[in-house]
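Just so it is clear, A, B, C and D label the chains in written order, and each chain counts residues from 1 on its own.
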Amino acid sequence: MQSTALFLPRSSLDALIQALRACGYERVLGPVARDGAITLQALDSASDLPVGVRDRQEPGQYRLGHGEGERCFAWANGPQALKPLTFAPRETLWRCERDAEGGLVFRDAGERNVPTAVIGVRACDLAALKIQERHFLKAPYPDPRYAARRESLFLVAVHCSHPASTCFCASTGDGPRAETGFDLALSELDDGFVVTSGTERGAAVVERLELDRASPAQTAEADAEIEAAARQQVRALPSRNLRDALYARLEHPHWDQVGRRCLSCGNCTAVCPTCFCHAEQDEPALDGSRTDHLRQWDSCFTAVHSYMGHFLVREETRLRYRQWLTHKLASWHDQYDRSGCVGCGRCIAWCPVGIDITAEVEALLEPTDA
Amino acid sequence: MATPRFTVTDALDRLNERPQPRPRIAVHKFSSCDGCQLAFINAGEALLQLAELVDIVHFAEAGPMDPEAAVDLAFVEGSISTPEEAERIQTVRANTRFLVSIGACATSGGLQALRNFNADGAAGWTEAVYAQPEFIHSLDTATPVAEHVKVDLELWGCPVNARQVFQALRQLLFGVAPVVDRDKLCVECKRQQHVCVLVAKGEPCMGPVTHTGCGALCPAFGRDCYACFGPAENPNTAALARRFEGLGLLPEAVARRFHLINSHAPAFRIEWLDWQERS
Amino acid sequence: MTGHREIRIEVPVLARVEGEGALDLIASGGRIETLRLRIFEPPRYFEKFLEGRGYGEVLDIVARICGICPVAYQMTAVQALEQAFGVEPSPWVLRLRRLMYCGEWLQSHALHIHLLALPDFLGFDNGIAMAAKHPDAVRRGLRLQRLGNDLIKLFGGRSVHPVGMRVGGFHRAPDPEQAARVLAELRSALHDAEALVGFTAGLELPEDDQDFLSVALRHEHEYPMFSGRIVSDGGLDIPIEGFPDRFRESHVAHSTALYAHLDERPYLVGPLARLNLNHDRLSAPARAALAATGLRLPSRNMFHSVIARAVEIHEAVLEAIRLLEDYHPEEPAFVPVEPGAGSGCGATEAPRGMLWHRYELDDEGKVLSAWIVPPTSQNQARIEDDLRRSLEAFGLHHDDDALRLRGETVIRNYDPCISCATHFLKVRVQRH
Amino acid sequence: MHDPDRPVEVEVVDRVEETPTIYTLHLRFTDPAVAGSYRSRPGQFNMLYLYGVGEVPISIVSDPDFDGPVEHTIRSVGRVTRGMERLRVGDRLGLRGPYGRGWPLEAAEDRDVVIVTGGLGCAPVVSMIRYVLERRERFGRLTILQGVKHTDDLIWRRQYEAWQRLPNTQVLLAADVGGPNWPYSVGKVTVLFDRAGIDPERSIVMLCGPEIMMKASIDRLLALNVPPEALWLSIERNMQCGVGHCGHCQVGPHFVCQDGPVFHYPVLRPWLGVTGF
């Protein structure tokens, strides 16, 4: 659905938050500058937003600073996308109680999902969400917890106008414009926002605000900013489908080279909005009468990920890095008909030693004598 | 070896073969600050529950005293730093079916293992610190329990986390080997959704080489991890050290990052030596 | 039979004290010949480890001297370092530090009363055994102890070696929601804390008056925790910097801890000394609860230490409630620190008594030397003195078991923390 | 939405000690409704859950058309399996499944079935052998080739001897190291292929065992002109969920829990023997 573009004056941002609450979204999350980064937090009002805050991102480095003006979305993505909201970092899958005769009763963990609206979702985040939905909701075993959490979200996208040096969504085709998957989408201009709705429920929210149509000049300015954002990106992946190229280079010497730099700390997989690996674990009560069965984020960079009792499939760091990169950029095509990378650049910025996926791919594609 | 050690086969069999249904447990103290035993003493209700599940036959600080008793499960806190301790640990081992060392002191020597790097040995320090050094009987080194006797399970941390201890204990009571998670702290830090202090503040965080278990406390407080849980599996200390240098730390300061609570742990010892030589 | 019995009592490891110590007693002819409280906790050389470390590492290191009172070590060191760098923490930081310290008093005292001391007075071997007969008392203790731990966790994530303090303040202000939860817990524990005062005063404690010297900090209006001058009931009243001029430490063969004397006399630090010297500084409700017990202060009976601890628990709960009630976070939670060459000293009241630190630093803020005087080594001479008198007063005609138990009970009055006691100082005969 | 992660309760109704470290559990669903709707195929597996300890993938060895308890033959190797070893009749477990793709039953009809296994006996192929033997008329010759390291590693020796005596069934065994009580071949399992008289045109080969053994066997079979399309193999990887979510069991693009554990050789060929996958 493609709606008419409306204009939300900056002063009405609070009204949008109110309208979301009025439509039953008990929790409204939005970007807040905290602990030196822009993270999603509960918003009381628009004044919690990062007004005038700018970011600078480089491999292994993220810094906030102050810029000019009133804009509150003039930064690229923060350390996490929507992933923690849909694929919980740690959750109880089920509980089991054991009675005196040893009988086992399995129960639902009974977690309730609060209807939540999220303001400030980026195009790359939406693209990643769609990929994760495909993973967690695929037949024949859709995950009901994921489904319920996804169901509880109302998404307000903001088209990107200020990409970071680490962004390369233009090359993956996932941004900077949010094309689908949102309920509402905003383009931030100096004095307000061009608003379009992507769903009926999105339209229902804006209806409450009684907004005027955006002028052609306003929509043109918004489009121009998004296009400029695409042009500003300095990083890129050389192709949207690197499957065959990477499969042909499984024994490339560069894997050793990156293996010496990589900490195998799993930060890249944790910030990646599409990575889905997790591990399960029991946490029994001391008296043994009941136990919680947990699932938590795992990473292909951990030892347990490939643990097979008598050996690890991937003992060495280079093999763990290769698993990650070839899964992300190659086997994902086999699994989900597209690459697992949406160009958000988080793995570059949040890698403690600044390993850059685009640079590693480039090095791998270079011809070698080996 | 990076392969996690999940199986503690022989000792587990011995433990499972115990004749009496209620296991007898002991908590022994060696050179330490007593902080790890507090995992039990601070457990509140859980301590009383534990007392119903097992017989606590020796635990000097909590009261029960029978240091030489034969037990099924012995927890050992502290490192071995005196001739008396070197002997006593042998008795503890001989008297238990299963031995768990708890905390940095017991698993890596702990903070006091810094003495191991003193050129003139501990004796030199004794002289400096004590008016009458002849009264002090101390070994030159403070070493982990596993350098003296066979240890069946190691729980790292300074201090160990109570959850870690009680989960391990529960699994042993079930008759199975406890899960030992030696992932890097970053994995947990990200699950907790803390903003990375290394990336966002340039702090020399040890998380990428540190064994998880604390729940990522330091990053939660916006500070860099100082590795109180010791090295994780497969730690790339060299790459992290180079990164610290890139953050502006002098070689001597880089060396100190690896030379604190788990200085005697091989992965950290090697890195310290390397950067010590450069400084 | 008292006359010519030769008594030899050895308690190879003292139970229910923190760390490892032992008691040797040789008596004959109704008199004690030898009495030694042996502390053989292995030396851990902390003062040496501190040399060459950055000032930012000091708090993490000194915490590890003692797992029972890490906060006291951090509080004292931070004070000394701030003095050395000329840093003035904000009143907000000082209030929060006091709050955090309340947590440590609470957890340490609750542990001591319920698990370590009470079994002596109620006739059990240990707290775990006692729990079966006195579940309520034990559970009350565990609740208060947990509350203390929760308070510390607010500031440092864990109660043993918390990670939140830094020179200049805190790494991060406590989370307001978590703070509100702790406040609610504190309020509901207030009744327990108040009842505990009456409960300890109602215990059948031995009558044993003796003459001793109490030493504690004293502040113009606060019950002493981390500020004030050093005073004694013998008229001493000096600034904390003056400590080395009047207090001396020496080393004896049977102990890895050092003995401290004030003007060549043994002295007492700890809850009873604090209460003796500062009961007028208690808050009104704490004073009222204390008055209701009829306890006359200053007390000359060391067994009243258990009551003093209960009074301090009550005071800590009251104080924590007061401090948390108007809590609001501040960002940043610290003042910036400019390290530089200098020296500074700090003195605070650890649960077991006064703790004194002194550091010298170079121009980069690295430690040149450290000097730490923990409460237990200050009490050690006093404990031996007490043992000698108490056991003779108790009567050496008692059998070995009774003498041993009485000896241990006397020692436990001091809640000695033996791990602390062994971080000895460099004994410098003259420092100034 | 059905919760694919939550087990149902089963009860141990029989326990057979196969060797000191291998045991078979016969499990009955305590909820009759679940029992009635449970259907599996040879080569599929269940996630078995030991209370408070954890879940492990274990192949189903009982016949899919048999109404009785579900059978699992388990080797004690680690935390969970050693813990399960201590289970006795009447004890309860959790079970989820069946999961994965089993052996190609349809493709095998009317053909000679060659089973190649190595190591300490391999449960997935046991289910297939039993399946064939129960429905002898639907299949051609059954050849079982098993290689072991030490002669003692051969479990179910009597079982093999019983199979050997059945019509149209051939059992060939080899041990790396022979001994006085070993009447069979000495060497790797591959030494058996020449003696087995495999008809490359008529045979379908099912392999299960250590991956190096399977790789070597496949090379040998291809040399004997068995077409790659006639080769199937069952593999193992770490599994947390069994339903294609956890990501641990991936081999290249394949999720072993869903796309396997039985794979058509041509599908797995690029990944077999590549360290790290």
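Convention: a residue touches a chain if its C-beta (ideal position, glycine included) is under 8 Å from a C-beta of that chain, and two chains touch if they have at least 3 such contacts.
These numbers were taken from a predicted model, which means no experiment stands behind them.
*Asks:* From subunit C, which chain is the farthest off, judged by mean CA positions?
*Replies:* D
*Asks:* Between subunit A and subunit D, tell me the centre distance in angstrom, where each centre is the average of that chain's C-alpha atoms.
*Replies:* The computed centroid separation for subunit A versus subunit D comes out at 40 Å.
*Asks:* How many angstrom between the C-alpha centroids of subunit D and subunit C?
*Replies:* About 65 Å, centre to centre.
*Asks:* Counting only Cα atoms for the centres, state how far subunit B is from subunit C in Å.
*Replies:* So the centre of subunit B lies 26 Å away from the centre of subunit C.
*Asks:* So the centre of each chain is just the mean of its C-alpha atoms; given that, what is the distance between subunit A and subunit B in Å?
*Replies:* Roughly 37 Å, centre to centre.
*Asks:* What parts of subunit C, by residue number, touch at least two of the other chains?
*Replies:* Within subunit C, no residue touches at least two other chains.
*Asks:* Mark out which residues of subunit B touch at least two other chains, giving numbers and ranges.
*Replies:* Expected reply: 6, 170-171, 174, 179, 222.
*Asks:* Can you pull out the residues of subunit A that are in contact with at least two other chains?
*Replies:* In subunit A, the residues touching two or more other chains are 281, 284, 288, 298, 304, 307, 309.
*Asks:* All pairs of touching chains?
*Replies:* So, checking each combination of chains, I get A-B, A-D, B-C, B-D as the touching pairs.
*Asks:* Please give the residue numbers of subunit A that touch subunit D in the complex, ascending.
*Replies:* My answer: residues 93-94, 96, 98, 102-106, 108, 135-136, 138, 141-144, 147, 247, 250, 276-282, 284, 288, 291, 293, 295, 298, 300, 304-310, 313-314, 316, 319, 322-323, 326-327, 330-331, 333-335.
*Asks:* If we count contacts the way the header does, which residues on subunit C are in touch with subunit B in the complex?
*Replies:* 13-20, 40-49, 53-54, 57, 60-61, 64-68, 70, 107, 111, 115-116, 119, 125-129, 131, 135, 138-139, 142-143, 145-146, 149, 156-161, 163-164, 166, 170-172, 250-256, 417, 419, 424-427
*Asks:* Along subunit D, where are the residues that touch subunit B in the complex?
*Replies:* Listed in rising order, the residues of subunit D that touch subunit B are 50-54, 77-80, 82-83, 86.
*Asks:* Quick one: in the complex, what on subunit B touches subunit C?
*Replies:* 29-38, 41-42, 44-45, 47-48, 51, 56, 60-65, 67, 81-82, 84-85, 110-112, 114-115, 118, 122, 125-126, 128-132, 135-136, 138, 142, 158-159, 161, 214-215, 217-218, 220-223, 226, 228, 253, 256, 260-261
*Asks:* What residues of subunit A sit close enough to touch subunit B in their complex?
*Replies:* Contacts found on subunit A: 34-37, 39, 60-64, 79-80, 84, 89-90, 260-267, 270-271, 281, 283-288, 296-299, 302-304, 307, 309, 311-312, 315, 317, 349-353.
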